[in-house]
Structure formats: C-alpha cells, structure tokens
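Here chain A shows up in two complexes: once beside chain B, once beside chain C.
Right after this comes the complex of A and B.
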C-alpha cells in the first residue's frame, strides 16, 4: 500500500513537533525516518499509525484519505521500542491477540488461529517459546514476538518505532539483517524510526533525514550519503570531520594553511565550513603545495583499515582519517609525529548558511 | 559454627546484617502481634473446649459474624469496583483540583472513625439530607445492615485506590496502544489487557479493605442501630461482653473471628501467589 503524508503539522502545547511535512512511501518500500530525538520522527510515525492526530494535513492510504480513521480501522502493524507485550499472556496468546479480538463474524476458527500463530512463531524462530511469558524472554526475542503479533492481523503497513533501540549491539545487527530478509520476502510497505544512521543506511530503501519537525532530505541511502542536501544532513550522517575555513582564491584555508583546492565554480569566497569524510583525508609526511599541519594522536590499525586520530591547529576536536593497510605500511606513522593533511573531496557550505557545493 | 546453618537459611548477600534484621523482625512481630494474640487464645481457654464453642457459636454471635463478614465483603467488593475507577481517573487524566481529590481519598485513613460514623448517620438517617431522599423510595439506610456496608465502604476506599494506583501507573500507555492497533475495542482492551494486569493489586486492595471492614468498630456502631441478631456487629458484641465482665466469652468470640479472618486472608494470599506465579 502506498502511504502519503501531506502537509502534516502537529504541535504539543507550545512545541511544534512537525511543520508541514510531506512524505510519500511507495508500495512495498522500506523507509527509514532518521533524526535525533525531538526531530519529530516518532510523532510522524504515530500520525501515520493513527495513534496521534495531526493539527493540519492529511494521511492518504492508496490515495484514500485515512486521516479520520482510528488506529483500529487503519490496519497497521505497529512495533514499539519497548515491545509493549502483554505481560500476563504467553507468547502464543500475545501473537493470537489480534485474531481473538476480531468481531465474531470475521473471527477465524480456533484451529485456524492456532495454525496462523504457529506459522508466525516459526517465521520469527520462536516455536519452542510459545508457552513462555514475555518476562522469560531476552530483549531480541521479545521484539520478535512483538513483530509476530503485529503481523498476525495481516496489516497493510508495518510501522516500527526504534525497533532495535532497546537491544544490545550484537542482537541489534542480527535482528536488522533478519528484518531486511523478512522485508525482502514479504514486501510489506514499512516505515521505521531510528536515530542510528548505520541502521537507516543499511536497512532502508529510502531514508528521510529529519530535524526540527521537518524533513531535510529524502533519498536512497547512497544519495543522502554522497550528496547530502545540507550541512545538517552531512553532519548527521555520521563520521565527518568539520573544518571551519576560509575560501580564498579557490583554495580552502584553515588558519593560514592551505588545505585543498576548490575547483567547483559554485563555491563563494569567504568563510565556510568544509566537511570531509575520514576516507577522503590523505596524510603526507612532507608538505607539498597544500597541507594542514597536524600531529598524530592515536592509531588503531587492527581491522580492514587503519584509523588515525590527529590534532590539527585551528580545528576543533580530533580529526579522523582512514588509511588503507598498504598506505599505512608505507607511511610508518608513529604517535606524536608531525604530518600534513589534505582533503581529496569535501562538502563545502558557506558558514552559517544552508547552501550547496560539491567539490570533488 | 557457620557451616552448621542450612544453606537455604543464609544466602551470601551484599547486604549486611541478615541475622540482625531477621532477629529484630521476629522479636518485633512477636511483641506486637504474636504475644497479644497468644494471650487472647490463652484467656479463651478458661472456658474449656465445650464452653469455648458454646460461647463462640451462640446464635447471637453467629448472626454477628455473618453481619461483620458479610458487610465487610460487600463493602470491599464495592470498593474494588469503584476504587479501580477512582484510581484509573487519578492515573490517566489531568483535571483541575486533582491534588485536592488526591488528598480527599486519604481522608478516611486519617479521620477519627467515630466522626465518620456520626456524619454518615446524620446524612442517612430518615431526616438527613440523603436519608430523606431515599425514605420515600422505601430504602432505609441508617440503623440497618445497609448502613453498615456504607460505613465500611467509606472506611475501605483508600485501601483499594492506593494499592491499585501505582500498578496502573506502571502499565505503559503503549500496551493499550498496541491492543488498539491490533484491532481491540476499548472494552476488549480493558477486559483482556488492563484488568488482568491490575487484578493482583485489586485483590490486595480488596483483602486490605475486607480485613479493615471486619475489624471496624467506631464508624459502624453509630450507623448500625445495633439490634441483636439484626444489626449488631461482632466487634460490638465483644465490647458488650466486656462491659458485662464476661471476659472469657468476649475472648472466645474474638478468637473465633481471628481464626476465620486468618483463614480468609490466607486464602486470598494463596490466590495472589497462584495468580502471580503464572507470569512473574
């Protein structure tokens, strides 16, 4: 089912949670709403579900206005961050709940309910836990029960509010992969909320980056990662080094040291902010034409790439650079060594103004 | 010799003073509860086996037990229903004057019970504000068993509200939302999700209100009318016996009440355990 949110505005008291938000989710897509807490992502999800009603705007399901329908009538599956399982029911009864509360005329027979619940428990790999109570399960198992419960009523949309938020890192990664596989199998239109950019980028077909009650950018994970529409998106999508610099004669200058040439015509002269991903920073032992002096602070060489942490004058906080193993062997870096940095690529925004220039 | 104490009795713990705290608890309980109760039973043995049962099961005493336990039961049951409602309102809604209502709920705890009894009697007597309205309908409250139930409802309300309230507070609104998203109506959500979750607390509140009702004296004697065989509660009968210097007879009734109360509370406790063991 196609979901469309049109000009959704929602305020809580004096706080504006959403301002005129538009979002379209194509049928069968898995969309992530990504943003920090307070950005309005959960409110938007709850409005789509019908757990919250917008002050203004409409929710369309397959083109039909669903704004006035309650959560009961929308036929959505909703998975809560803290599972919201029924404590006094067994796993089996939790999953069967949605089937048992149907009006008698539309209720399945006891045998059919049993068959469907068993199929779902098989799907979430909890067949052996049917008779347990939720308190006897681990976090990951509970979330799978919650998922099975929401799928039992055959929803046309699956909505997940920080589904992995309350789980530890390993379970999280497992469950993430498992959810992706499930989605590929069922092609159920799904929206999930997260504040973890890795989760959004790995799992979703489309990522909507939110801040302050608006959607900053919507696109495929690669699109938002490679072409962030604003400094905010760039900073939020993880691991960037921020350089406050001045553009002078087509060269980015940090504290009188020339850092990189800016060839792109779009860049305005004057003070600017350059965002450089760790893998776009090169380290040199000697200064060529360009180079920002820096001192090696820490090297973590265990892993597919070496992570080098440096301190550079005029830059707030540490600078992170990723080196391939070969390059790392060539350089023979040591902690405390003086080196020079150069950016191979950067996103440059005029200081304190949202604008755009992609410099490669 | 530490090794001599059985393993179940003393488990290693980060909290110190297991022996000390248990010792004090046992001593304290003995002093406050056990010794007086033993004294009670000892005193009643003065009658001999036959005499004891004769005093304890005299028709007037039996009628008093029936009234005391019956009225306490109905009052506790009424409180279980309406206390749940009050607790629900206090937890789920915000309204002006909520703090005042919150304080009002505790008032029956603090008010001298005689004051409550006199006030209720004045209200429900045939010439009182409420009694005058009910009299044309043929409903007599004051000086009947119904009046006793009303007094016990008044006394018992805070017990249910204050035990159910924190449990209701603990139920996440998300659980209700989950039920609604699965297609459950309000009534279904209440019956299948909320009620089972708060049921143990309701049962506890019921037990407390029931126990309080059995022992209540001050408020009841004013509204009851105290007719032997009709509206005379067991605690009053005990007082009457005492005033007639029939100490053994009074203790026989008291001991019998104690036994019945203990058995009832024990059964309620078992019910609680059974209910809790299922999912905790």
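Right after this comes the complex of A and C.
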C-alpha cells in the first residue's frame, strides 16, 4: 500500500507539532522518521495511523483519501513505544485479540484463530511463552508479542513508534536485523519512528529527517548521509566536527588554510560553517606539506576503529578523528603528543541555510 | 493497599528491639481501645438479653422494614454510582477538556460537605416549600420523606467512592492499551469490556465495597430527608437511633451489630481479595 501525507498540519494548544508536512511512502518500502524529541515524528506516525487527526491536510492510502477513516477502519498495524500489551491477557490472547473482536460474520473459527496465533508465535519465536502474562516477559519478548499482535490482523501498513527505544543495546541490534528480515519476507509497507540515526540508516530504505515539525530531507540512507541537505541534517546524522570558516572569492578556508581550503561556488561570501566527519580527518606525526597543529587529548582504541580526541590550535572544543586499526598501529599515538591534522573532505553551509557546495 | 512480601529486614535500618516492641504495643493498645473494644461492646450489649431477644429485635416488623429499605437503597444507589463513577473516571483519565480540575473538585464535594447539609439541599430543592415542591405536589410525586429522597441523598453521599478509586488508577494506566485495541479493530464497547474493564476490575471492586458500606451506614443526609416514619422511611441507622432514644438498648444494639457485621464482612472481603489476588493486582499496576 502506498501512503501519502499531503500538507499535514497539526497543533496542540499553542504548540505546532507539524507544519504542512509532505511525505510519500512507496508500497513495500521501509521508511524511518528520524528526529529529536519534539520534532513531530510521532505525531506524524499517529496521524498516518488515525490515532490523531490533522488540523489540515490529507492522508492518502493508495490514492484514496483516508483522512476521515478511524484507526479501526484503516487496517494498520501499530506497535507502541511501550508496547501497550493487554496486561491481563496471556501472550496467546494478546495476539488473538484482533481476530476475536472481528464482527461475527468475518470472524475466523476458533480453530483457525488458534492456528494463526500459533503460526505468528512461531514467527516471533515465542511458542513456549504463549501462556505467560506480559509482566513475565523481558523487554525484547514483549516487543515481539506487540509485533505479532499487530500482524495478526494482516494489516496493509505496519507503523512502529520507537520500536527499539525501550530495549537494551544488544537486544536492540538483534531485533533490528530480525525486523528487517521480517519486513522483506512480508512485503509490508512500514514506517517507523526513531531518534537513533544508526538505527534509521541501517534499517530503512528511505530516511526522513525531521526537525521542528517539518521534514528537512528525505532520501536513501546513503543520500542523506553523503549529501545532507542542510547543516541540521549534517549535524544530526552521526558525529561531525564543526568549524567556523570564511569564504572569499568562492574558496572556503576551513579553520586555517593549513587544515583545508575548498572551492565552494554559490555559498555567499563571508562567514560560514564547515562540517568535517571524523573519518575525513587525517593525522600526521610530522608536517610533510600542510597541517594544523594539534595535541592528542584522549584515545579510545577498543573497537573496530580508534577514536582520537584532539585539541587543535585556534579551534574551540575538541576535534574528533577516526583511525583505522592499521593506521593507529603505524602512528603509535600517545596522549599529549603533538600532531598535524588535514581534512580530506568538508561540507560548507552558510550559517542556517541549505547547502549549495559539496566538495570531496 | 497492595500486599507484598517484604525481604528480610535489614539490620542496618532496623530499630532496637525495645523500640519495636514499644511501637507495636502502642499500636495494639490504640487499636484495642478505639476499635476493638467498641466493636465488642456492640455485640455484648446486643446479646445481653439473650439470643431470643436478639433475634426478636430483627423479626419485629419495623426492624424488617428498616432492613428492607436499607437493602433497597443500596441496591439502587450502588449500581447508579458504578455507572456515574466509571463514566466520570473515564472522562477525567482518558480525555483532556476544559474544566477538568473543576469536575474533580465537584466529585470530591460530597466528602467535604457535611452530610446534614447534603440532606438539607434536597429538602430545599424537593421539599413542600422547596424550588420544585409545588410542581411535585401538583403532580403527586413524593420525594422528601419518602424512599426517592433517601435514595437521592445516599447517591449524593456515596458518589465519590467509585470515581475516586478509579481516577488515579486509570490515569496511571493511560490510553495506550485502548488505542492498541482500537487499532486492532475493536469497537468502543468491545474495547471497554475487553480491555478497560479488566484493567480497572480491582479498583472497581474496592470502590463498590466501600460505596456499599457507606450506602448502608449513611445516617446524616438520610436522617434529614427521611422524616423518620416507622416502618416506611426508616433505614437501619435511623432505626438504631429511634430504638436508642426509646431506651430499647438491646434492640438498638442488635440492629447496630448487624451494621457492624456488614463492616466486618466488607473488611474481610477486601482482605481476602488482596490476599487471593495480590500478585495479579501488583502486576496490573506495574506494567
């Protein structure tokens, strides 16, 4: 099912949660709504579900206006942030709920209900927990019950509100992979809300980055990561180092011309902001050609890459650089050591305006 | 209210033995003096004239009428208060609307107003010289000094019990389960019956028990509107007073012992429920 949100506006009292938001989710896609809390992502999801109604705008399901339909009529599966399992029902009854409340004429026979619930419990690997109550389950198990329950009614759309928010890191990673596999297997159109950029980038086909009730950018994870449309998106997606820079004659001098100069046609002359990702910063022990002097403040080498925190001359706040393990072994860095930095790539934004220049 | 098993008392935070004993003794003496002793006296006085006199006190026609009226009053006012209470708690806990805090204050009104005033309000409204008095007389409707007045006064006095028990519970539980039920295709009534009601079941039972105990035991408000017509508008508490004023102590205490018994039964039921379903209760609140 293709979902389209058209000019959705929603206010709560004096607070504008969404301003004329447009979003299209193609059939079978997995889309992430990514943003900090208060950006309107959950409100948008609830409006798509029919749990909330927009002040203005329309929701289209496969081109049909669904704006007036209630949540009951939209046939969506909704997984709540805190799962909202029925606490007085067993796992089995939770999953069976949607099947049991159907009007008698459309209700499956008891045997068919039983069979379908068992199949779903098998799918979420909870067959042995059918007789348990929600309080007797771990967070990850509850999450899977919530998912099975929403899938029981065979929804055409699956909506998930912070699906992994209440889980610890290890379970989260496992469930993420599992959900991705499930999505591919069931060919559902899915939308999930998250504030975790790693989650969005790893899981989704399309990421919609939200702030202040608007969508800043929509694109594939690689698109939004490599070509952020604004300083905001750039800053929100993963770690970046932020440097003040000046632009003269179409050339940006980042921090110091020793560090980096980039051609940035189109960006207004004057002061601007440059973002450099930690993996785009190289460290040299000796000053071969150019390089910004810096001092190593901290090294965290336990992981796939070494994270080096530095204090650079003339730069406020720490600079973060990532080194491959090999490079880290070569350099043999020590805390307090003097080194030289070069930036390999930077993204230049005029202060608070969309990007024009992108230089690699 | 929830019965939980405590872990073994940590010696660091426990008081010296004599302090504990003194505190326990103090509590027991207080309980005995102010609660157990009067209860004992009620039954002792009631049985002073022997079992025969005790039984006779109930079987006398006026006493039977009083018991019947008390049961009728409770049978009407408790179900009505269940409906009102659930509706009010539902509205307050699940929806945002202007004047919500005002509504909560109003629900508490019967607790803060003296029951005598509650009775008087209805006399002023429905009495022969009250606002609606002339119209009621003209249409031959009796409220004051009749059963309807007693029921109305009882409803007023017992209104908060169910609602107050449910509001915090429902607020704590939030809307998510109901939303989940709706998103799974359940209708409004199905959602209420299958999701909301089971979740508030225990709070509701408590509320009903307390509401019932008060409905049967209410004196002040009912006294004002009843008119004390023997065999017609006397409830059990009123009947006790009349007997007592007539120096018929044995009969007064006999009826009083019945009311005391009701209180005990309520208490026992409540305890049994907590003991029997303690785990389920705790679970319902935790998730």
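Rule of thumb we're sticking to: the second predicted complex is superposed on the first by the 333 of 360 C-alpha atoms of A that agree within 3 Å, B and C clash if a C-alpha of one lies under 4 Å from a C-alpha of the other, contacts with A are read in each partner's own complex, and residues count from 1 in each chain.
The rule we apply is simple: a residue touches a chain if its C-beta (ideal position, glycine included) is under 8 Å from a C-beta of that chain, and two chains touch if they have at least 3 such contacts.
These figures come from a predicted structure and were not determined experimentally.
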Joint occupancy of chain A by chain B and chain C, clash or fit: clash
Touching partner for A:335 - first (chain B), second (chain C), both, neither: neither
First, second, both or neither for A:181, with chain B first and chain C second: neither
Contacts of A:80 with chain B and chain C, given as first, second, both or neither: both
Which superposed partner A:311 touches (first chain B, second chain C, both, neither): neither
Touched partner set for A:153, first chain B, second chain C, both or neither: both
Touched partner set for A:131, first chain B, second chain C, both or neither: neither
Touching both chain B and chain C, residues of chain A: 49, 51, 70-72, 76-78, 80, 82, 84-89, 97-98, 101-102, 133-135, 149-150, 152-153
In the complex with chain B, residue positions of chain A that touch it: 49, 51, 70-72, 76-78, 80, 82, 84-89, 97-98, 100-102, 133-135, 146, 149-150, 152-153
List of chain B residues in touch with chain A within their complex: 172, 174-175, 177-185, 188, 192-193, 196-197, 278-280
Residue ranges of chain C touching chain A (in the complex, touch as defined): 176-177, 179-187, 190, 194-195, 198-199, 201, 280, 283-284, 286-287
Residue ranges of chain A in contact with chain C within the complex: 49-51, 70-72, 75-78, 80, 82, 84-89, 97-98, 101-102, 133-135, 149-150, 152-153
